[in-house]
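Each structure below is given as structure tokens.
The two complexes that follow have chain A in common; it is paired with chain B in the first and with chain C in the second.
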Partner chain A sequence: MSTSRTIRVEALTRVEGEGALNVRLSGDQIEVVELNIYEPPRFFEAFLRGRPLEDAPDITARICGICPVAYQMSSVHALERALGVEITPEIRQLRRLLYCGEWIESHALHMHLLHAPDFLGFASGIEMGQHFPEELKRGLKLKKIGNQLLEILGGRSVHPINVCVGGFYRPPKKDALLDLLPSLEWGIAAAADATRWVSQFDIPDFEADYDFVSLTHPDEYPFNEGDMLSSRTGSFPVAGYEQTIQEYQVPHSTALQAHKVATKSSCHFGPLARINLNREKLRPIARQLADEVQFPTLCQNPFRAIVARGIEVTHAFEEAVALVKAYRPVKSVRQNYELRAGEGAAATEAPRGTLFHRYHVDEAGKIVSATISAPTSQNQKQIEVDLKAFLPEYLSLDNSAIGHHCERLIRSYDPCISCATHFLRLTIERSDVS
Partner chain B sequence: MSRSDAQSTICIAGLGSPHGDDQAGWLVIEELRGLHRSKARLITLTAPHQLLNEIEGLDTLYVCDASASQRPAGETQWFDGPNLPEAAVKPCSTHNPTLSSVLALVDQLESGRLKIRVASIAGEQWILMSQPSASVAEAARKLACEIAQELSGVSTRS
Partner chain C sequence: MSNKLRLGVFKFASCDGCQLSLLNAEDELLALAEKLEIAHFLEASSIIGAGPFDVSLVEGSISTEADLQRIKDVRRLSKTLITIGACATSGGIQALRNGASYEEFVRAVYPSPEFIYSLDTATPISQHVPVDFELRGCPVNTKQLVQILVDHLHGRRIRVPNHSVCRDCKLSGTVCVTVARGLPCLGPVTQAGCGAICPEFTRGCYGCYGPAHQSNPSSLMAWLSGHQHPVEQLVPLLQNFNAAAPAFSNAAKELQERARP
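So, the complex of A and B:
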């Protein structure tokens, strides 16, 4: 006799945005796993049409309160390509520094308050705080420094307002950056300690044969520039992103999913992909830390993403210290440009994975079309594939326990559902009335 | 977010937004700044989780916020400790932790050492980018005086 069973996680907790999970089992067979993102479509790509291109960095930043810098960076790089703008080395360095701030605040938050409770058996960060107050305080302090860096460079810590096409509205004050230097230097050691802490967690023994995808750069760990690299199919240019990775709609989600065009297979984006593909580009202390915590050369366990985040936070602090020490204020950090019709695409590495933007602009500087592919959209299919492979071991448990294990796996991707939820393709079927 | 007197062990945080009576917490801070007497660190915040960045080195935390309730507009209620009444525990946002859960976390992290006082001013209108109602503005002024008096033991102005 075959028994059917449905497991529902009505609302995923400790993730950004609203989503649910539906699993349908027939006996021991998993029939359906659906990551159901029910947050209403947000229409950002449609909002941008017809607006001046200068609006894009600040409008797209509103997609997310955790990774606004990623949206600003992907939009300005894409629009600068459309306009043929070359940025100066100073602007490039400041953009990397700004991205360091975002990685620090986002990763520190996820590691300590969202993901660590899963490994330590607590229902929430609040509950965990009672037993691990010092670790949590350290995490919050790390996050605070990331926010402070964003405030100095971006004018405020959430939704920065200093980024523009061509650079920054005004250069940061050197004194403000130097005042933060001791905290940044403390952050290197503290982030390394936090990484050692999470590397000792009891991590589920689950691995999958992933197609890891991230930016890669010949000289540095990727933030803003480089080519795309797939662990299975090699490099491909950012300009041809949609020829390799394509978004598509599924009935159960307001977020688009993504797959490789050629194989219709899922890809894995985010810190695990970045480290697997760019480990040798990590800064020295972070690279040494990865060796010390025995982070596998090819890590295929998604739960170890918490360790990858720790290594990346350490890298971001090292990078920030180097950039602040090297900072020499210049009069202007904004390149002038002439408006022209064109098209440009850019991918940058948001904390939770690659964020791709493409814009068409007209000769008056108005946006004709915009395409935004958020990392959580691109990871969504991979999460479903993972759950199908991960679940069989837990099927003897009750529904609530199975749901809990599923949530743990989903959280390892640090999904940002609000980011992922965007334009829903509208199909209208009409029948002729004759 | 803005701040002053970063070294103080007392912090008064005003939570709010630019929308109608939701400005109540910010107005209290503005009034306190005008009094020029407070030795406390005065900050304005837009979301409760931002409090987590401010607790280091504190021994007293005041939080001033607006509340939507059945109480008459401008009425102020005080709560001591991290536990707020049930109505305040209900989240207004799905994306940010509630003030109640943030204060619970603060209390855990500080092992109950931090003195927490929450003042809630009842509001009545929350129209986007509108001015606060007169009763809330007056309540914010009175609350600022009350806090200043509580901290200094000296009456300032009424």
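So, the complex of A and C:
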């Protein structure tokens, strides 16, 4: 007769947003692994209906304070497709530069304050800083430069105010960008050093056979444009996203999850997927760095995502330096457009994975319907599948140690639970206030 | 036992951006950590400290039964409770559900609405427990956040300027977007704190710091609607991140009533 045991991590820490984990074991059989999200639903897709389409970038930004630019980018691209707006090369470059700021800020935060403490045995980045002061300071400085870039282009780093359908309200000031150039140049080398540092961490030995999915672009490491690419099934157009990947609701797992329509299988989104599918598109220093730290050609270890983030931060700094050097201010970076009824979809690469938006708009410029698939809901099924494969090795440990290892695996996906607007709640147990 | 003040950071329904504003104080973070013990801050630390807390920062609005209870626990355990951001101080963007058909909202987003446990309103913290100070903004300003923590550490009374964004534009020499470009702008009735960035980027203020002290949004709306700005444009301007702040929601109601045939 086997005994049954329940492991519950009541509050996941060092993730954005709040969630819990439930594991039920019967003897050494794993019966249930549930990533529970007790983040209250906020109903964005419902209250977007009937609003002027111009509101979408500002409102959807509020889904997530860590990656607001991703929401602004996916929404404006989708709406521009619905309206038939063509953006200029200048607007395109500035959007890439803005995205560089967010990747730097979000990845530097995750690497240094949220993820690195796991590998070094600290409860927080601040505690880690007592033993690794230079590394933490370097990380904070990298993060700050990302935020400064966001401020120059967007007015502020959290919920920037300069993005609109058709482009930007105002072009950034050239002087401000040139003033930041030395910091951006410092950032390339500093991010590479940070990557070398994290690549030496003792990374758990765990691999899985993933279906990696990300945007891909013929000439560039993917940000805003391109087709979707799956490592298993090849490319598919963003316009037909839901024919390949769909969200569904399951009572036991407390969330809308995503899977491949054809096989009902999970997918892996985020930096590992991007780098595995687009490595040769990295800028030269980042690409060389990936070789130098011996980043595997096909990396299937989710814990190694911290190294992938470091390579991507290096790439984002290189990209930012190139874009700032090439920047020639033009009078307007905003395309005019006529309102018309239509439908448009876009996917862009948020720091933590693909973010998909689709809108229907009417001839008066009102949103008729909105669909938003956040990277964390798309990754959630993959995280649960991983946990089932990862756990058996640790079953002899006590509950709190098992919980700790599970949390580490979850954290390696940089889940952003605030993002996952669909996530709901089944259990209403909390223990973080006693 | 250290003699540091114990800090708690708590999240309710929100986007995390206001907590992030604390982590965005890159230059001050380590110095603050010298003076404050981060006793409970799920986003930043795996140590989940029990109360009591000398000072608690609360982000987010109340939108579930469980959170209704949890905020009372947080209040009981906190000597000083400071709410940060539009969600905590006015209900936030999710307060757009207040007054709408909640069940229809749930059906619009979730295929199986029966699994959703949530209240039909999102409300500010001060509606449920006494709050010692409210820091406005969507998001809050990192400098203001650091300032109020430093003030609190030194035993000074916490305060931030409560004049309007409009005045900050005049002080910084920003050309008025309403006068020069004919754009609707909430600057005259919105509390300062953001640095008046929207007019600086040639767009109208959209009120993310909520109504300024003794402002009169209804009067501004009457003027704007009398100057070629359609009601369908003005109502959404009031109904965003501080839609449930009384001065904004009343002005929106008046506009809608006046527009009714």
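Quick note on the criterion: the second predicted complex is superposed on the first by the 418 of 434 C-alpha atoms of A that agree within 3 Å, B and C clash if a C-alpha of one lies under 4 Å from a C-alpha of the other, contacts with A are read in each partner's own complex, and residues count from 1 in each chain.
Basically, a contact is a pair of C-beta atoms (placed from the backbone, for glycine too) under 8 Å apart; a residue touches a chain by one contact, two chains touch by 3 or more.
All figures in this text were calculated on a predicted structure; none of them were measured in a lab.
Applying the stated contact rule after C-alpha superposition, one finds that A:277 touches neither chain B nor chain C. By the document's definition of touching, neither partner reaches A:73: not chain B, not chain C. A count of residues in chain A touched by chain B and by chain C gives the higher number to C. By the touch criterion defined above, A:25 lies against neither chain B nor chain C after alignment on the C-alpha atoms of chain A.
Of the two partner chains placed around the shared chain by superposition, neither chain B nor chain C is touched by A:177. Once the two complexes are laid over each other on the shared chain, residue contacts for A:147 go to chain B and to chain C alike. Of the two partner chains placed by superposition, only chain C is touched by A:52; chain B is not. Residues common to the contacts of chain A with chain B and with chain C across the two structures: 16-18, 65, 124-126, 129, 136-137, 140-141, 143-144, 147, 156-158, 418. Residue ranges on chain A touching chain C, taken from their complex, read 11-18, 38-47, 49, 51-52, 55, 58-59, 62-66, 68, 109, 113-114, 117, 123-127, 129, 136-137, 140-141, 143-144, 147, 155-159, 161-162, 164, 169-170, 248-249, 251, 254, 256, 407, 416, 418, 421-422, 424-426, 428, 430, 432-434.
By the touch criterion stated above, chain A contacts chain B in their complex at residues 16-18, 65, 124-126, 129-130, 133, 136-137, 140-141, 143-144, 147, 151, 156-158, 418.
On the side of chain B, the complex with chain A involves touching residues 1, 46, 52-53, 56, 94-95, 101, 104-105, 108-111. Only residues 10-21, 23-24, 26-27, 29-30, 33, 38, 40-48, 50-51, 63-67, 70, 73-74, 77, 92-94, 96-97, 100, 104-106, 108-112, 115-118, 122, 138-139, 194-195, 197-198, 200-203, 206, 208, 232-233, 236, 240-241 of chain C touch chain A when the two sit together in their complex.
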